[in-house]
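Presented sequentially are two complexes of chain A, the first with chain B as partner and the second with chain C.
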Partner chain A sequence: MSGATNREAVFPTRQSLGLMKTKLKGAQTGHDLLKRKSEALTKRFREITRRIDEAKRKMGRVMQIAAFSLAEVTYAVGGDIGYQVQESAKSARFRLRTKQENVSGVFLPAFESYTTDGNNDFGLTGLGKGGQQVQRCRETYARAVETLVELASLQTAFVILDEVIKVVNRRVNAIEHVIIPRTENTIKYINSELDELDREEFFRLKKVQGKKQRDTAKQDAEMKARREKAEKAGKAEDDKENSGGGDILGEQDDTDVIF
Partner chain B sequence: MEGLLFNVNNGYIEGVVRGYRNGLLTGNNYNNLIQCETIDDLKLQLGPAYGDFLASLPPNPSTSTLAAKTTDKLISEFRYVRANAVGSLAKFMDYLTYGYMIDNVALLITGTLHERDTRELLERCHPLGWFETMPVLCVATNIEELYNSVLIETPLAPYFKGSLSHQDLDELNIEIVRNTLYKNYLEDFHSFVNNDSEMAGTPTAEVMTEILEFEADRRAINITLNSFGTELSKTERKKLYPSFGRLYPEGSFMLSRADDIEGVRLAVEGVNDYKTYFDQAGMGQSSTGAGNMSGGVGGDGKSLEDLFYQKEMEISKGAFTRQFTFAIVYAWVKLREQEIRNITWIAECIAQNQKERIGNYISVF
Partner chain C sequence: MAAPASAYKDRQFLAVIGDEDSVTGLLLAGIGHVTQPPDSQKNFLVVDSKTDNAAIEEAFERFTSERKDIGILLINQHIAERIRHRVDTYTSAFPALLEIPSKDHPYDPEKDSVLRRVRRLFGE
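On to the complex of A and B.
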């Protein structure tokens, strides 16, 4: 039998048949559920890919504008303000919050950016000239960083989802192509073994029955022969008895003598 | 009258500077520059004007190195002129460098305040503002030592004295310190050109007064505009306005009380030039805040700062129509600086492929 290698090592009993059937049922339910999960994740995955594409394009534009606004600052201030800005920045104005989002049992981190109000460490930079360009440049870069944050959270989700989808698909395939066929094979094997046993039993019973019939037939024949013989003998005796008087000492009922 | 003896000492310098002025890029050159497709093309176009200084640049240099190299040319020419200057002209040129010195000292103060190694900062200092004793300032480890060595070692001492103490350096924002110094510097420069025996009553005094008054007004207006929405209070702001200029005193007083762009517009109403700039820049009518170069997004009209630069260049160009004056040195330095800014701007536009804004440079020749 070809399935001999591809089945579980169980004794072909009715109990294990029951077990296998439950297992098959479980596997099928699991397969359905995982398939659905994988589809949900893939849907999400496609959406994220699309959004990454958008975000990347947006990032290209925003970064270009930001770089250009820096050029404007250089033009307006006419010098290097980098050092001063670096030194006067004390605390972060642009901050991040992380959240978790649950997509079909997968936790995706999502980054959310927010700016702290009233934190303007280098508000006076370029007071003499170019101050407004500096501020505008800062705003432009803040927007650029926002886009980067969005992109980062999408990319993280992308990587995680990719991993999870792979795992889920592997499971789906494992169930579909390994576990279910094997369980089915096992069930088939158990069934065939059980059938075999049934047939053996049936045959044995038949054999026993046949032997019994033979025995009865023989006995019948013997009895018949004996009866015939007895009949013959009985006839002769009958003839004898019938010729003799009645049995006085017989046990036939006598009418009781009543005084 | 002043022409009688001017050439004895300063004739050579004047000739040299006028020669340099002719070396400035003209409108034609700029037209060629904006046609360039790559930085290399740009470099090639700049070849005749900058020659040797750009020769050592690698192919496709970054805009900042390009700017640094073009500045190098200005520096070397300035040093040459300075080396040949004598008497009042030498002093005049020293005054010219004080403005850059203020920037450098402000940089060192920032570094010391944040306890950085100030020696590294020396490289970042503007070479025009370099003075021999500057490395000495780096020895200072705390702000008080620095303050004392600035007082002793630098020519900027008078600007610190009386208006800033060493506590102030610690507490005030560095921008306020810088602008206070600059205000003192402008006032000092102004009184120098008007009171020096060699300059008073000469075309130098006339032209320089015009330039310095414009500079003072520009700073006052810019400080006011840029201080909206910051923690700079009105009284502090008032201290930063130079006490001369065409806006002084009424305009300055009104500026100090201005709360918004509309207020600034009212304050400059008295001076026709500035009023026109405000109208041109489209500020005041719609007080939707901020009107300088509209940050990267379109904006075809010129901004107020552009107009100010334009005006500065015109004044500088006008200075060359006068003879026997030191002001041409100042004008030449300013024109050359603007040229460097223009080149950087054009290079930046080419590098970032933003050709639509490339015409934003200011050319007066």
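On to the complex of A and C.
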């Protein structure tokens, strides 16, 4: 029987039956709650994936525009500014801040970009010529990076949600397919054992009752017999006493005393 | 479960691994940062055809696991392609890994590790 193996090791008593019933109820409540949580998270997850898809496409366009504006700079400055820019980079003007958002008890971090003021590493870039293009390029790239930051927060949320949903679903399934059946099996087992005990007890009581009845019947019979005998004896005496005036020779038949 | 707040509180920089043009553009936007002189670590790496894959992997490793102040790692898609095995096995939430298009290599959503995961999840 599969029920014999798939149950918890408990003694079949009424106390553990009560415990198991509480446990089953708890498992069912937990299952409902977790299921709802998983649904809420999945809804959010789908929304995020859709937005990631959009943002990735948008990123393609934005980066293309940015690359084009950089090409303009190269043309206007009349040489490669890459080296100069790389060497003069000292401290980040464009930084990130993280904040949290709570979705059904899961903290999703989100990035937020901000620029620190009074910090310009590239003040001299394009000083000779093309300064305007450099300025425009910086603005374009700053916008591109903002898009990227937005996309990165979506992606982080995606990764974290993915993980959390997996964990929650695993729990839901464990409760649904392992814990609840096992608890139900245990309850069934305890019930059957208790019924068995009940039947045994009933049978025992019947036996005892039967024995008692037999005993009383026997006693009754004995008593009756004894009483009859006594009555007989008494009658005989009476007869004897009364027979003084009666027929001593015994015309009338005596009833036979049968034991 | 979700990462504790301490895992991303201090992450305030972006890092780039890219070709010269992408890096230049992003540095112009102001994401470049060099740490204090003793070790002077840059948060960007310029990759050209002469850079070997080991150097890219090392930079990738440094930005993703060693440095705790980087929140987003941008990598050009054609460079990510060169260390694809590393990019695909990278699953942490922090820093967020973002594949970006470069001037010479248009963006291909089919190759993106995250978008591929999205596709797989929706059974496409």
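Throughout what follows, the second predicted complex is superposed on the first by the 223 of 259 C-alpha atoms of A that agree within 3 Å, B and C clash if a C-alpha of one lies under 4 Å from a C-alpha of the other, contacts with A are read in each partner's own complex, and residues count from 1 in each chain.
Definition applied: contacts are C-beta pairs under 8 Å (C-beta built on N, C-alpha and C of every residue); 3 or more make two chains touch, one makes a residue touch a chain.
Predicted model, so just to flag it, every value in this text is computed and none were measured.
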Overlaying the two complexes on chain A, which is it for chain B and chain C: clash or fit? fit
First (chain B), second (chain C), both or neither: which does A:A217 touch? neither
Using the touch definition from the top, say if A:L33 reaches chain B (first), chain C (second), both or neither. neither
Have a look at where A:Q100 lands relative to chain B and chain C in the superposition and call it first, second, both or neither. second
Look at A:V178 in the shared chain and tell me whether it touches chain B only, chain C only, both, or neither; answer first, second, both or neither. neither
Which of the two, chain B or chain C, is in touch with more residues of chain A? C
For A:A230, select first, second, both or neither according to whether it touches chain B, chain C, the two together, or no partner. neither
Applying the touch criterion given at the start, work out whether A:C137 contacts chain B, chain C, both or neither, answering first, second, both or neither. both
Just checking: does A:I65 make contact with chain B only, chain C only, both, or neither of them? Give me first, second, both or neither. first
A:L205 contacts which: chain B (first), chain C (second), both, neither? neither
Please work out how little space separates the C-alpha atoms of chain B and chain C at their nearest point after superposition, in whole Å. 6
Intersection of chain A interface sets (partners chain B, chain C): 64, 66-67, 69, 71, 80, 125, 137
Can you list the chain A residues touching chain B in their complex? 64-69, 71-72, 74-76, 78-80, 83-84, 87-88, 120, 123-133, 135-137, 139-140
Could you pull out which chain C residues touch chain A in their complex? 1-3, 5, 8-9, 11-14, 20-34, 42-44, 46, 71-72, 74, 91-94, 96-98, 100-103, 106-107, 109, 112, 114-115, 117-118, 121-122
Listed in rising order, chain B residues that touch chain A in their complex are 63, 67, 103, 106-107, 110-111, 113-114, 116, 121, 124, 126, 173-176, 178-179, 182, 218-219, 222-223, 225-227, 229-232, 240, 290-293, 295-297, 305, 337, 341, 344-345, 348-349, 352-354, 357, 360
Touch list for chain A against partner chain C, complex: 49, 52-53, 56-57, 59-60, 63-64, 66-67, 69-71, 80-82, 85-86, 89-98, 100, 106-109, 111, 115, 119, 121-122, 125, 134, 137-138, 141-142, 144-145, 148-149, 151-153, 155-156, 158-160, 162-164, 167
